[in-house]
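We just call them A, B, C, D and E in the order they show up, numbering each chain from 1.
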């Protein structure tokens, strides 16, 4: 009986290391990120400086944290359209509880986390129990939260933005955790960049090296089959929705303690940017394929393109046209690179 | 050898006409629409009057035209995020060509149609040729068109909305086609309602009674299999994208000739409303299942809910919360009704 | 003609179970039991309800009527996970694999090997790859690369992965839905050997196949389904290979087909010959009774 | 031992074709031809490249090397539609059905019947349903309802739909990839009858199966693939059923398996017996040459 | 920098300097009001031969990133609108610390000096809104709706809040979907039908006033329409008596003066206003003076 031998298999064409590397879902995104970086460096001499890097890494970092969480969810075969408004929801909760009700800020932050996790759990359980697409369920929660953000904020504080956060007791004890910045040369770098790296690393570890990661790929790639071989589908999916909600909370805190304010419409519309970043980073919309590092790189591409257009001093009437063209360019490049690596048909 | 006989098959439980009806994808949507209608009729005595009906049918009609086209595309397994801005793009084209360049209005309308169809074709061809998800490709065209709408309008007419349409020669010759209204009792009814019914009927006929309809279901349900049995996948999909673009053009014209103005950001964000209507109407986001009538009913639900909230005189700060709750309610009801009809697992 | 001979304790038992999909009655009134150290073959025409029956045992579908007992205790299996935890491993007809995932991840999906403790607990990737490669080559499948997405394997290779997995994890009951359908002669032989081995290790086995040559040698009891109903449960002692073939081919209505085939394909057609022989047998049996 | 006997003109011809998926060489250097009125059986182990070969003929995959000729003219088939238009109908191993669509729509997908003219041209729904029902019951599949989504049919029922469709639309060449894998004895018999009929009507048939009892009676030529390479193309005159079984089982390495099986399953195992017999045969043949 | 059309007389500039100013507002894309701020700023840039970069984002976090971005680019001055002063504090102070002169426009009057801006130009939504409230009361309106075309937009909410604060009758907010003109009209119509006692509609953008006028006509209501911002069509409707009045906050002035102030600071060290804010409006356009502004409204600069 034929047994596996170490001898080379005549049914395999020899491949270079390069082309084996290219198979990883994130390589395309990395190449695209480098291309975008070079592009803007050539166009604006201020882009690739410490000062410039401080700006676009900050911009990318909050997108990146969410994009990684959303990518996990997408790999697991679901969407979360309430992810954007969740950032505003968490920050408003903290803002209102502290400035209006005088609650201790640490307690308020934890309450916001608990609320976010519950919304995530509700999303997950509704999706699994009704069998309806998550697109429509989380669209419902998106609408509901959006209205709640506006109406409750207005009802309680009479206006649509939180003011006076800085004067809340213990503000300075918590601000550094989410909003700290350090000066390197002439560039200001924010702690959110560390969060971004941390989230992407943990997500990568979970995806590739834990049972939960295996289950995420499985429920996204073929839910029915996953269920049949005993993957706890409900637990995995609800966990993913809660992860996304928690990421929304984290980004909400970062934005709150970075600017010390939040508005009732914060985060509305951002959910699509997260999905864009994940897709640019190589995740499949249909689930079952993608990577956390790719999504983080997708956010980097988006952040660089977004700020780069300003650096290039182009007329911002054309902002979206440029952005669209950059995105398409990045995805095409990513796709082309991946197809070099593997031809599946 | 056993041959088919007219005798009842012992492997079939007897079913009532009702439960057989329930299998059709649009029945759930119809039940939900009736529920929403009854709900608002009970809440506001002005809702179910001729005057009220004039408003919500008008509101539903433009959503409905787009929702039907988007539903066909979704059944065919694709999305078009550029559908919303396409309405603004077409209307702006006509507005600029006539008010600024003095082109004959009929010619301008046809040029706008040609442009819309080309964008649709480009969408379709890019999606098929690159193999990238349509979500990301049409997001690119959405961004690009959005920028073009703003920048070109601004560059040519120096402001962001078209003015003076009413003074364009022959305006009155074309206005009735898209913007005509008639008075029935105290209600004003628009010709767009007829367009809506016409589009839904044609789409239903195409879907259920033509080869093209068969192909649409097939490419959405299992593209690889459809290709293997000889369905012209490229042609079908490009045709669908062009249909959506044409619907965008139609809605753009209706909106232009009804309000005689259009602004540069018209239609931004509307693409999701179309998708929502289609999903509420029973289309699957994953493709291969749905109905045109369902999508038209989904638009009716959305239009009634949106206007109904105003009729009910609720605090519109809560608008989105109400809307979200109504939508979830409608989808749950739809889903429950459908599950009565068929239990597929 | 009902089975009475028992080799071991009944692990799974069903009593008058049925299953409806909406208004479609796929199965009704089925009673049987799966005993340790015994191979139950489920036979029946296409669409007779075999896969539906198996899915009930495996927890993939909840039954709509009747009772299911595990180790004598009545229960409802609401997910395959529960069945797996009770030691029931299944090869589904549609294989239950995740096409985009590598072969080794599919092999261990749901029962991954880990090493390390606490937050450092992680997948034992090397161990899983090694085991996968070894189990597959024991079945005569020499994969180029266990990192290949399983969706790119050939139909038979995929089937082997599903079987190897079930055999590896099957603790008390092994359920196989047409495992040999896509397999070559050699691989089929290996699967039959596995079944025999599992039986000898004291597992209960449920085996579905359309090939009487595969069913007869390993089966201890034969349950026949027709159009969603059970036609009885026969011990091997009451059966010959020919009886079995006759039963599988539907018994009646065979004569004309056999003649037709012989006419069409000439005398060298073993299928035709087989059918003809079976038909005579059936006729003879009918005359005896 | 190369085929020279021809029953008709070559419809499809391949010369040194090969197919790579990325760095995986699935097929290389295959040459053969499909002739009118002749059944070519493609044999080989799991993963040998049979389905890949068939997909090249059917236009589903473009070949990466070599030449493909239709009616003597060199061409590349870039879509199955082109192959269909040239009269080649295929049953794929994964069946190529659209699960959510009703059975009758699947049956006619891509070749729908229409009635009326101009803008009134519409599907002939009644006609299509009738034909579907009739064609399926001719295969012994008595569907409850041709409006059922095909995804809810049993594996064998789905397979029958795919076969019935190909037979119905196959004009000049019929390609069947393991059509009998999921079928019962009766349905398999019907499929073999169909193949014989198609051959007699002058169609070229390519038939893949793992069952020598199915391949031998209908095949005229046997092409053997192993690990992506062709091991030759034999006319029936040079083969016996035993040769064929030996070839399908991989020839060598069989002895040990046969013995093992006989030990495991006892003497009543026909598979073991068959294998043993085949093995002796191979040995004898080796001695003769 | 690019400029709008209709300003082909900008040849007045003799030499072009290499000064660059960033104008960073809290506008969403394509907003008519802010578009005029942009036009004003760019016109000033053309006139003075300096380059002006206009960017905007309604999210304070992103707006502050845009300020950081400008600082990283080492621009020569920043014009910023402070709808949410808390959110921009750090970034503006950083810009000031980097030696970049900052001028605030439109909103943020109270914080402007504290953050280190050299002056504030404009008047806020609050002042304009309050003036509108008074004026509506004068017109005898008692039950008005304030049409918000973008939910949660801080400037729009502020306008309605301020108008309601000085308005004698009741004023309720109505949220509409501003990216769909036909829907705006339909929603206003619904509201008018649901509550026939409504006798006043305040819209917050020129194009929405046109929809409101249509809604009033079709629903047979006799509500009066007032609006923020001008457009060609608004002016003709004012002349025709269909719109009561329009508030012109003179956004063009805010953009133009913002850049001018920075320019003077750069070339001559001037502190325009001497630490006091400069008012840019509001001006009311009514039937009486509509003809005077018609020409400029057509150009899109008023």
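Going forward, contacts are C-beta pairs under 8 Å (C-beta built on N, C-alpha and C of every residue); 3 or more make two chains touch, one makes a residue touch a chain.
All values reported here derive from a predicted model rather than from experimental measurement.
The set of chains touching subunit A and also touching subunit C is given as B, D. Contact counts per chain pair peak at C-D. Between the Cα centres of subunit B and subunit C there is a gap of 48 Å.
Chain centres here are Cα averages; for subunit D and subunit E they lie 73 Å apart. A separation of 34 Å divides the Cα centre of subunit A from that of subunit E. Look at where the CA atoms of subunit B average out and do the same for subunit E: the two points lie 34 Å apart. With touch defined as above, residues shared between interfaces to two or more other chains in subunit C number as follows: 21, 24, 94, 140, 144, 152, 253, 257. Multi-chain contact residues of subunit E (touching two or more other chains) are listed as 2, 29, 151.
Each of the following residues of subunit B touches two or more other chains: 1-2, 11-12, 146, 150, 154-155, 269, 315, 317, 319-320, 344. Chains that are in contact with each other form these pairs: A-B, A-C, A-D, A-E, B-C, B-D, B-E, C-D.
Of all the residues in subunit D, the ones that touch subunit C in their complex are 21, 24, 44-48, 50-51, 93-94, 140-141, 144, 148, 152-157, 159-160, 178, 181-190, 192-193, 196-197, 210-214, 216-218, 241, 245, 248-250, 253-254, 257-258, 260-261, 264-266, 268-272, 274-275.
Considering their complex, residues 44, 46, 49, 51-52, 54-55, 58-59, 62, 146, 149-150, 154, 158-166, 186-188, 255, 258-266, 268, 307, 310-311, 313, 315-317, 319-320 of subunit A touch subunit E. Put simply, subunit E touches subunit B in their complex at residues 2, 4-6, 28-32, 35, 39, 148, 151, 172-175, 177-183, 185-187, 189-191, 193-195, 206-207, 210-211, 214, 218-220, 231-233, 298-301.
The touching residues of subunit D, counted against subunit B in their complex, run 58, 60, 79-81, 84-85, 90, 92, 94-101, 105, 108-112, 114, 121-123, 125, 133-134, 137-138, 140, 142-145, 149, 152, 165.
On the side of subunit B, the complex with subunit A involves touching residues 130-133, 135-137, 139-144, 146-148, 150-151, 154-155, 269, 272, 275-276, 279-280, 284-286, 315, 317-325, 327-328, 331-332, 335.
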